[in-house]
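Dropping a structure here in structure tokens format, bear with me for questions.
Think of it as A, B, C and D in the order they're written, each chain with its own count starting at 1.
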Amino acid sequence: MHIGLVGLGKMGNNMRARLRDKGIEVTGYDANPAVSDVATLADLAAGLPGPRIVWVMVPAGDITAGVIEELSKELSEGDLVIDGGNSKFTSDFANEKLLGDKGIKYIDAGVSGGVWGKENGYGLMVGGSAENVALAQPIFDALRPEGPREEGFVHAGDTGAGHYAKMVHNGIEYAIMQAYGEGYELLEARSDLIKDVPGTFKAWQRGTVVRSWLLELMVLALESDPKLAEISGYVEDSGEGRWTLEEAINHAVPMPTISASIFARFVSRQGEGSPTMKAVAALRNQFGGHAVKKA
Amino acid sequence: MHIGLVGLGKMGNNMRARLRDKGIEVTGYDANPAVSDVATLADLAAGLPGPRIVWVMVPAGDITAGVIEELSKELSEGDLVIDGGNSKFTSDFANEKLLGDKGIKYIDAGVSGGVWGKENGYGLMVGGSAENVALAQPIFDALRPEGPREEGFVHAGDTGAGHYAKMVHNGIEYAIMQAYGEGYELLEARSDLIKDVPGTFKAWQRGTVVRSWLLELMVLALESDPKLAEISGYVEDSGEGRWTLEEAINHAVPMPTISASIFARFVSRQGEGSPTMKAVAALRNQFGGHAVKKA
Amino acid sequence: MHIGLVGLGKMGNNMRARLRDKGIEVTGYDANPAVSDVATLADLAAGLPGPRIVWVMVPAGDITAGVIEELSKELSEGDLVIDGGNSKFTSDFANEKLLGDKGIKYIDAGVSGGVWGKENGYGLMVGGSAENVALAQPIFDALRPEGPREEGFVHAGDTGAGHYAKMVHNGIEYAIMQAYGEGYELLEARSDLIKDVPGTFKAWQRGTVVRSWLLELMVLALESDPKLAEISGYVEDSGEGRWTLEEAINHAVPMPTISASIFARFVSRQGEGSPTMKAVAALRNQFGGHAVKKA
Amino acid sequence: MHIGLVGLGKMGNNMRARLRDKGIEVTGYDANPAVSDVATLADLAAGLPGPRIVWVMVPAGDITAGVIEELSKELSEGDLVIDGGNSKFTSDFANEKLLGDKGIKYIDAGVSGGVWGKENGYGLMVGGSAENVALAQPIFDALRPEGPREEGFVHAGDTGAGHYAKMVHNGIEYAIMQAYGEGYELLEARSDLIKDVPGTFKAWQRGTVVRSWLLELMVLALESDPKLAEISGYVEDSGEGRWTLEEAINHAVPMPTISASIFARFVSRQGEGSPTMKAVAALRNQFGGHAVKKA
């Protein structure tokens, strides 16, 4: 099998390597010529055997939309495009329409695993028709982890279902990370009693109810920086968490922990500039004459 | 009526003034001789007509406990002590016992109203026996706002009930302040659309569902500093919020908004030093290679 | 002044009465002939002096959109439409365009006050051009409460700003209601100590920090049903709360209390059917052998 | 090695089996003669070689306190008691004192793993002196999972640290369970799009960021009941979650996700009887005339 891969950043580059390792021929294209196998998207399309399969792995939003648009011109009837980026599921309906109008097939794929996926394999959630998914199954099998297919891959539903499942996955991920963080903070707050916080996390790796891959990463983080002294508590968020919450609202799903973990990230970037807390401080000052801290 | 008042800080000083205005004779004692009417607590006790009534208005915790202890020595059977500070309700059981062993009566009083109480009167919630409360009713009537007694005063129950009611009052207060703060922040975030944020708060003062005294204070705050530019989003918390939450836990009462408002204050004092968010940042870096901000 | 009013439900009917009381002539139209002044929207339009002003007060969403669409046909250049319903602010941009294409002017108005507005007046937040707002000012002045105009009315910004301000108002309202509810629940949980829960709320009406109009309503509710025994803890939510949260997400505004109050409503309608809690129960059973309650 | 084990319930019984499998002789005592190896605690004490080691595995609180009290009488200087139950860390200070007064040594041990521990081994967090821990190390090594000791066992600090670490572990556990539950609910809410919810969870087991042991249990639960149709969303909580939150409050540690998960359990047991939501419903009715659902 020989496929095209558009986007050779942190994720795409690793995926190209894993695919090749697993015997899939890959022609990669990236705007950065230093990592690209071909000069243009047209070259990429021209060099693939038909029916062509192109995996798109570029930043979600406008950039992905632009690539899909271009591919709709470079590819032809019977070809297949897979968007493996962190796209919003609603974009899949638009992509399917745009490409479908030219007879080009479409699959959306949520890809989890980060920088570890190259070695461990990637957790995959895909959406699309059974027929299309079957065409791409060798790619999915190369990317997913060793072990039973159904433990690292799911055909979750029709178009959009892959990105939707990945979106929910990330929402859950946010809350789990926050949960470990809160536990870490309490243990640290009682370092008078808990003499070995990194060791406590380390000991949770086997036998406990909270063991997980994220816990193992926490152990690695604490091994390299036991007090997390080098790192700032400033955390970005990406789209999936927000979309999860947006969907929760739309469907009346209560989501207290996932929302809390997203809000915690928002707050982490505000510091004492938080307008909410300025208002609270101002109110306390108004009614109680409580001293305020000057900005 | 002539009573003793121990503690002439921001609250006690105003209360002395209001009581005198209302025709109650007050001998005030404070550790600070500049504001004190007498030199010692013993002098205070000696100068009051029997049966003596002493209102204690000093910081909650050890300082209040110390004053109660001293009063148990200076006063005698049939006298009455009222703790009007922001004490934890559990301290009232101890105070009642300590004083009761000497035949001294006890009332706990939660006092709300802040610096505005001098003029507006104070909202009062009291705990103790009906007999004791009756003895102190003229004081309560002088301190509480004009209007029907039951709209600014409640005999909420036996000993501890006054401080308990005040504790819950403050828990609610925290959440309401936070709610206005969150609304303020969103309006500010859309200042492209909302051209007059202070004016919007001002307009909520009549006719709307959210009109309240705290809203009026918000209007005052925004009038003096329309962008809250001078104030830092750093907010202290006092005991009552925490005790409210502690009681909620003990009695399986879900308290999502009150807890959220307390946690928001905790976070406001951490900035990028938040251990929780350091852990979250570290995890993101571990799995995704996401850049972290150096501490 | 003589205006048209479309929608004579709970709100519209009261508003017609108040407007007439204040000397504004109103022709009302409702699909229900029993309350309508005219038979059709066309009749309404035909009967108004030009330039015509029509206030729309029907359920948000499709129904409002339908009325606006019809009005775009019945009215003509120079006329003015005001949407006073609980519409999403984004609908205002569409309305403005649709009507503007025919030279019809547009204002969006957020109206607060519920069934009490007829007597107390309505809090008003409006969006649109200064010129258009000036045309409708007599109507706003008739609807708003007595007192200084700026304490019950704000021209918050251009089109959409009125509904936006109302949306945020309702988000805040949700959280304040939840805060009182949580406090109420804790007081009730300690009815061993707090002997008079309704009396405690009643006493918060004067002098305290938490006094508000919603508190007064809580007092009324507890006066008619001191244990809230007649009422189920099942609470609907309307669009504004959800939109507030959606906007918060879009603009990275942390909103822990407002989101918590919305989620509490979602949960209140699920009971033991909550899928989240079924999953939690299933997990407890899996790891600990904890008994589960059968559905 | 030959030790005593008090308490042969779900946990104790499994632990006895595992210890014996690993070559540790165990005399078990339980109030239920059907499972007990001896008739009385005195018999247990009499039958152990000195210095005696007794592991206590009974319900936390009064029952554990009673057993410790009895053991303080049956054991003698140089013996060692280990409390392995889900006790509050503060009880360890009392136990240490009571036993220490008689020269009896004390260790607190947090034990995680539930019904799976018999086979997988138990995650262990212990508190006490290095000397005491060394005495009991063979027991810990028999109970903990295979693999490096430090991945399933930690000597977290002095007395109390073991139960403290377990407490925090359980707090984190609550939030992680809630996070999966929320994700599950959203996926189910969109079963129009996600055609295979159990398969999605199953596919998260390898390669993804959210893989964990709890996720594996979720897969098992969904395999036996794909819609969780047999189970009610009614969830108990035990002490550890509440204590975690109590400690968070005491140390100003923000804990939005852990608190949310605890509150969700509280609410799950209230249904439409929630006093908070009754209050909210009553308020909506008061201001908006919104219909309420009768209790």
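Assume a contact is a pair of C-beta atoms (placed from the backbone, for glycine too) under 8 Å apart; a residue touches a chain by one contact, two chains touch by 3 or more.
Keep in mind the model is a prediction, meaning the values are calculated, not measured.
Counting steps between touching chains, the shortest path from subunit B to subunit C takes 1. Counting C-beta pairs in contact, the pair that comes out ahead of the other among B-D and A-B is A-B. Homomeric contact subunit A/subunit D: same residue numbering on both sides for over half of the interface positions.
Averaging C-alpha coordinates per chain and comparing to subunit B, the farthest chain turns out to be A. Remark: subunit B and subunit D have CA centroids separated by 38 Å (rounded to whole angstrom). Mean C-alpha positions place subunit A and subunit D at a centre distance of 33 Å. In terms of their C-alpha centroids, the spacing between subunit A and subunit B amounts to 46 Å.
Within subunit D, contacts with two or more other chains are made by residues 113-114, 178, 180, 182, 185, 189, 209, 214, 252-256, 260-261, 263-264, 267, 270, 274, 276, 287. For subunit A in complex with subunit D, the touching residues are 89, 112-114, 117, 120-125, 144-147, 150-158, 160-161, 164-165, 168-173, 175-176, 178-180, 182-183, 185-187, 189-190, 193-196, 199-200, 202-215, 244, 247-248, 251-258, 260-261, 263-264.
Touching subunit C in their complex are the following residues of subunit A: 209, 237, 242, 245-246, 249-250, 252-256, 259-260, 262-264, 266-267, 269-270, 274, 276, 287. If you check the complex, the residues on subunit A that touch subunit B are 10, 113-116, 177-178, 180-182, 184-185, 188-189, 214, 217-218, 220-222, 225, 228-236, 256, 260-261, 264-265, 267-268, 270-290, 292-295.
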